[in-house]
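Listed below are the structures to be examined.
One chain, chain A, links the two complexes that follow: it is found with chain B in the first and with chain C in the second.
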Partner chain A sequence: MKASTARAGIDKRFSGNWENPILRWNGWRVLPIYIFLAVFVIVPIIKIALDAFTDTQGILTFKYVKSFFTDPFYLRALRNSMLLGLAVVVTTSILGFCSAYFLLRYEFAGKKLFSYLTIFPIIMPPLVGVMGFIFILGRAGTVNTILMDYFGFLRPLNFVYGWHGVLLVETLHLFPLITMNLLDSMGKIDASLEEAAESVGSVGLRKIKDITFPLSTPGYVTGALLVFMWAFADFATPLVVGVQDLLAAQAYLNIVQFVDRRLFQMGIVIGVFMISLSIIFLIIARRYLALKDYATLSYSPVEKKTLKGWGGFLVPFFFTVLLIMAFIPYLGVTLAAFGKAWAMTPFPVQYTLGYFTRIITETPKYIINTFMYCGLAVIICITVGVPIAWILTRTKMKSRGLLDALVTLILALPGTALGIAYIRAFNMPIFGISLTTLWIIMPLVLAVRRLPYTVRSTHSSLLVVHESLEEAARSVGASGWRVFYNITLPLIWKGILTGALFSFMTSIQESAATILLAIPGWETMTVGIFTFYTSGSMNESAALGFILIVVGGLSLYVINKLSGKKMGGFFG
Partner chain B sequence: MSRKIIGLVFCFLLVVSSLMTVFAAQPAIENELVLITPVSKFIVDAALEKFKGYAQERWGVSVKVSASHDGTPTCYGKIVEWNGRPQADIFWGGESALFDELAKKNLLEKLQLSEELMSLIPAEIGEPKPLPIKDPNGYWVGSTLEPYGLIYNPKLLKRLGVDEIKTWDDLLNPKLKGWVAQCTPDRSSSSHASYEVILQLLGWEKAWEWTEKLAANTANFSARSRDVPSTVAKGEAAVGFAVPSYMAFEEVLAGYEVKYVAPDYCFITCEPIAVIAGAKNSRTAQAFIEFLQMEEGQRVFMERGLFPITPRYRVFGAPGSTAERAVEFTGGVRSFFDKPTKNIYDSELAQERYSEVNETFRKRIVERHNELKKK
Partner chain C sequence: MRIALHNVVKRFKGFTALKGINLEIKDGELFTLLGPSGCGKTTTLRLIAGFYQTDGGDILFDDKIINHLPTAQRNIGIVFQNYALWPHMTVYENIAYGLKLKKMPGTEIKRKVDTSLDKVGLSGLQHRYPGQLSGGQQQRVALARALVLNPDVLLLDEPLSNLDAKVRMKVRAEIRQLQQELKITTVYVTHDQEEALTLSDRIAVMREGRIIQLGDPKSLYERPNNTFTANFIGTNNLLEAHVLKGNGDGKYTVQTAIGSFMGIANQPLSPGQKCTIAVRPENVQINSERQEANSFTGKIHFASYLGNILRYDIMTSAGILFKADIKYPWGCEVMAVGTEVKISFAEFVCLLINDRCTEEHNLTAVGGES
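What follows is the complex of A and B.
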């Protein structure tokens, strides 16, 4: 009896205009999700765009945009930023492609360890990385002190100050983005394709050019896009190594100084420019990907070759050198976090726990705030992100394309620009209170920034769960929620958890947006790193950085355990 | 009889209630205090900690204190942006001209310091051009005296074959090529003040030539002025403009080897302090400012490489104490009132051409830095 009424109910649902029964109730239940995205993503972007085109009286004007595009200094900064972004894409691509190719196609000594450690550089908190490089490679760093003290060098070698320094730091920080994305897409290339190529004489490098490159483009393009935007939007690294004529550095400097209104307005224009750029890139990338979607559901992976002779030596050597370089900042930060008054000696002479005592006992708020805000942000990520993933996989709602685009856009949006947009959009009081004066804005901005990771992870887990399982449950009368709770959730919780952890791990590293929004009492650890650094206490910065690295490393370990080899999917 | 009792009870109630109103009206302080300040954490945290103890003892109130650290221009900009609905109670530190600007905009609350404390502070210091150290209109008051001088790393200078630094011109020594740390004036009001001193000492054109020579010795411009002392302490740079409380002395306490010199005519700040108009915790803010003027408050500065705002105190301590180490660090100075202080800094002139100096610096120095380095 019961079953039959349920059956009738489903039939009735099928008879509507919708192609899928779940659609109907989704339509209005997911409204809050759309409102959330509208308020916290679209409104700030529109507001900051309006700001760039209106003067203080609110009248439409092009004068700010015009003065941006006629100022040779900003034009040079724009050109430099583009060049830097491209250069970092080139260098990370070379390193990323080599490491992904070696990891996927060959067996060699230490492979498991290398594969785990290759992802590590990406968890380096902002500012801390470049500081670490300076401790080791700076004018008074370990390497130069050794060269001067023991090898008779009269002047230190300049490893980090200047353009080459920015390129070095960004490359060693960002290449894992390319590696992860390539591991994901290259890993899905069917062995038969390569075999076919070989049979018609395409071997060695030619095979890579003919088959491997073209087939890994979807993953590569996303990785390259993210690397470009990341390098384009990073202001901390260039400022520390003394490079100022970059757009992100100018945006940050112009916004944090509140005196000169013209400069402030310029900061807004730069913010809008960055947002437009990420939107344009995204459109290009999506066009490109839509044309060349080679995704196959079932594939047999290419067999791995065991390396012998020179190859067996050179590949581990490549990874060893790469990882030693990439771990330089970790060494520098650790030494600085424990070394007492370390100056002009290769390594600290005395060690102390004093910096940790200071940050834990005197200013525990940095640590407390970080965990509170990031914890809340993860809850928001799950509440908003899981339904989004559900809509994307289980419904055929018309707005799916928009939703998907929005989520990817968030991934590409520079934090600096989003921070500026939030300041402008939420400064207006509603019911007498403006959101920028409430601490909840911190977890909110973190959640928005890191939402894509939760969505993507849940999304890929949902794709694996076949709909027929859910249909079966519905056919015996389970309601929408019950289906989700009894069938779907047990099958996808790992994916949600991994995504949530990834959101957590990346939000404790977030600084660009939070630094612009934090007011006294709300400082997180990354803001603390900046505060200590700019007030000259590099060692306390390093100590905070050390804690962040440890937490990041632990999260990465758990994620790795939970998700196996699917890390690439997060950034794609 | 009963009427008598009723009368007594009535009288008793009257006394009690009037006492209660008296107590209620007693200006007990709020239990929170938020600062916005360019003054270093080193000084601010110590001052706030001491004040907490004082508030606990005097009013039995445990005050929750916090401070947001920004450069002076940023602090000023934020207070203007807040426009009477501030997210902080006190603005502390920087140049008095900005405080005058804020007072003009009605963004500061009048101070309620006792006449006695106020009269201890001289109106001005320095000659030939006297520098005000309290506001005649009572909106701000100086908290301590602090010169904007030079910090250097003696060990590194020795290695480079350079003598100890004493004057501004010592920075132009060709042996220091690539070893001077500098911050641009638009990013740091303290650096701005030092460039302005050079401009007023040498005159516009000559001063810019001097600054070009300095840029030739500079490897790169640091992000913030407070990076300068830490890079000098670390040995990444040998010498640079610095303010003692902005880390310089803290580096000494942390075990680094650095020395400090205040060349003639260097800029001196009184680190003005004021209550922001519309402050949520205005009574606590007033109490904090008063506390800094008392001996206990002044001691916070004296033990950290700064100088008292009034001739009543001089920096002294037991041998080996931080106060004595501070005296050694700053080359034996115990008070700025011991001998005449040289000053030519005209803050009106500086304020008038503030943007012009920044703009010229950007055009003549920063944009041509690579070219200047080759000279």
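What follows is the complex of A and C.
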């Protein structure tokens, strides 16, 4: 209902669009957009689905699916992945709910800084996260060295290797997804709803349980589904901490090997499974949100209480501990990027720029590729995304619902699944060459993955520019495109830029799809981190990671300055 | 339950929203806070509800200071301007929620909810969600939710402002009836003077964080003691004047730009003192045979036919407009613009108001108790 009432509202406001000369876009003008989405989203999904259900002769068969669902090994991996996903949802929910609630309802020391830093982990590359944890919490990491040297521990404690490690890393990486979505929906609860609860005697945790939390569920459900999907589809983290018994890890291992045909098929089946899961989740989320349209007429935010006494101490303490934990990896990566001869000591004893020199002079391709691919990806995002946002807000095309659903689907599609789908869909030669042998596939897959951010940001700034402004310009004689350049564009460029930057920031961190698709010569920084790390060159790996952290942090800063609001909308 | 506010002060970030409020609300009374938007009505109500803490002064329920008592323990029922029904609960759940918290047995809860739904005329709608109800129905659910716990005090913040005119009249009557039935102490906030006059036992007129007059509807309408109240409640012809002489018994002769008038004052005035005369249009006669204390002439400037009355704006000699009403315009010829008319009104409907006296009176009242 949320989507449909919103749409009805838009329809009413923007009715009469067809009289509007620049909006009299016939289907063919936006045809390239639809072709782009069809070729790069729908075709790969259909192709991989066909692959899973047809044999080498192209005849319909369920044998691969059957063999997947009867193989105890895969069933165990499936169960493990589900359990891991659920566990991460539980842990991130606790952290996410506490942090969102504290940020929204209380004033306390350092709040501004905390609210900025809380978002940080999610925009960091997951790979960098795992690596950093190992530097600090690994067997020979800072903490264990200190424990053994100063506290007489005989053997290192295992903080990260194994299931608990995956859970720890994923939790600290993903909790901001819940925080942001909750900030968005909990922040919209009208103060009077909670006051009404107090007036009938509902206070404290009881009020949170009965009123605050149920009213925040729209955002929470979205956040939780994203977290689940993310944890479910991540293969890099488990592999680095030595866990292989998961679907995503198996999918990766199966796809990158070229020996066993059956294993490869299993990789495809897993890819299809992930895609189906995200589509199902998407439908559930839409259905659920449709029932929970809690928008109120008037709105005043709940007043923030200034924390005194124990609370004034405990809440900043919570954030400090949480953020120290969440920032451990970045500290670890930084130390490893600059630290020389870091072995058997808690911290490096010498510092050097050598690793940076090496990655810049010896393997410049990582950095060059990353910036080239991501730059191109952003250009594609703007070229495709701005028209999509325009269609969604300013036209009454029938296909808008489909367009909207596709953009949301992309947001939920795991990179692992999309990577596998691309490998299958684009290795057929067209005019003698297949797309998987052309480097352009890298910026293309990145652009598709990050398209929703550009669309959403542009969409929300277009919604704010009321159409009457454009009509007013037309009434004084401005024509078609002139209206767009003189009136609309000046009002929405910030939104476009914010979205584009967000797309950029998240594409430099893409690891799943790019690792799967990259062939020698195309490697990006995240691929470099993975290769360096798995081949034992920790420091070079860390140096690349450090660059990603800096670029991510800078982008986040600029985005904050540009948009000046919370970023819940990007992931919702 | 009696409510008292003693010198209550409330500040928001350096802005003083309430500058010393003094009130005594009687048990079972429907007490209205009336004033323009932003004068501090909601703030006062929220202080009584316990959503805000006072920055000075005391709030008393039955002589007990409750400044720091949390809302949940004040035993109040409140209806918000936007109703604040919990959108994720049905009508039934909304009303039953407070009872459930009291650990009341299920059958008892059901009985109470059914009775209260019946009372507000909403039986049969208990399984709807608030989003599926009309404004008037939501309003009644909010009222039922507030009353089901048998609160000592009922607080209503502009409960009718989101309803359309016809429904408003109906619900207004229902609220009054319900309140009298239950004899519950009620504080009612509104900016609508007509609503205040019809509903209230007593009204406090507020302006810029102060109460400037307090009384029952009749005395506020007939004897406003300041120009703000005179202007805010109903319509008044206000005219600058200065006192010529006293005639005893609170009667005075004053001089205005359009002649001298005889009127009555609430407070003693002395010759030479400035004041304002206030005359309601319905007390002004046009071309009357009767000899009245005050009369002068003017020309019809504008006529507005409102159905139940015919109002003339009359231009007087000094270029001042004076309003006069014809009360039964049925079949009455509307006079053409420019027609010369005689205007007259009695001495006892001509009020002499001295704002400075009122302010000093209020200030001493505030100062005296602190």
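Quick note on the criterion: the second predicted complex is superposed on the first by the 536 of 572 C-alpha atoms of A that agree within 3 Å, B and C clash if a C-alpha of one lies under 4 Å from a C-alpha of the other, contacts with A are read in each partner's own complex, and residues count from 1 in each chain.
Assume a residue touches a chain if its C-beta (ideal position, glycine included) is under 8 Å from a C-beta of that chain, and two chains touch if they have at least 3 such contacts.
Since the structure is predicted, the reported quantities are computational estimates derived from the model, not experimental observations.
Enquirer: What does the overlay on chain A give for chain B and chain C, a clash or a fit?
Expert: fit
Enquirer: With the two complexes overlaid on chain A, check the angle at chain A between chain B and chain C, Cα centres, nearest 10°.
Expert: Computed angle, apex chain A: 170 degrees.
Enquirer: Using the touch definition from the top, say if A:73 reaches chain B (first), chain C (second), both or neither.
Expert: First partner only, chain B.
Enquirer: Where does A:215 make contact in the superposed view: on chain B (first), on chain C (second), on both, or on neither?
Expert: Once the two structures are laid over each other on A, A:215 reaches chain C alone.
Enquirer: Just checking: does A:343 make contact with chain B only, chain C only, both, or neither of them? Give me first, second, both or neither.
Expert: first
Enquirer: Report the partner of chain A that touches more of its residues: chain B or chain C.
Expert: B
Enquirer: Is A:192 in contact with chain B, with chain C, with both, or with neither (first, second, both, neither)?
Expert: So A:192 only meets chain C here.
Enquirer: Contact-wise, after the overlay, does A:202 reach chain B, chain C, both or neither (first, second, both, neither)?
Expert: The answer is second: A:202 touches chain C but not chain B.
Enquirer: With the two structures laid over each other on chain A, which partner does A:58 touch: chain B (first), chain C (second), both, or neither?
Expert: Neither partner.
Enquirer: Could you look at A:152 and tell me whether it touches chain B, chain C, both or neither (first, second, both, neither)?
Expert: Touch partners of A:152: none, neither chain B nor chain C.
Enquirer: In the superposition described above, what is the shortest C-alpha distance between chain B and chain C in Å? Please give a whole number.
Expert: Least C-alpha distance: 47 Å.
Enquirer: Per the definitions at the top, what is the overlap between the chain A residues touching chain B and those touching chain C?
Expert: Of chain A, no residue contacts chain B in one complex and chain C in the other.
Enquirer: Which part of chain A faces chain C closely enough to touch in the complex?
Expert: Residues 190, 192-193, 195-203, 206, 210-211, 214-215, 217, 292-294, 296-298 of chain A touch chain C in their complex.
Enquirer: Which part of chain A faces chain B closely enough to touch in the complex?
Expert: 73, 134, 138-140, 155, 158, 161-162, 239-244, 253, 256-260, 264, 340-344, 350, 362, 437, 519-521, 531-539
Enquirer: In the complex of these two chains, what residues of chain C are touching chain A?
Expert: 49-51, 70-73, 76-78, 80-82, 84-88, 97-98, 101-102, 131, 145-146, 149, 162
Enquirer: Flag every residue of chain B that touches chain A in the complex, lowest number first.
Expert: 34-36, 40-42, 45, 66-71, 73-74, 76-78, 80-81, 87-88, 153, 155-156, 178, 186-187, 219-224, 226-227, 229-230, 233-237, 246-247, 250-251, 254-257, 355, 362, 366-367
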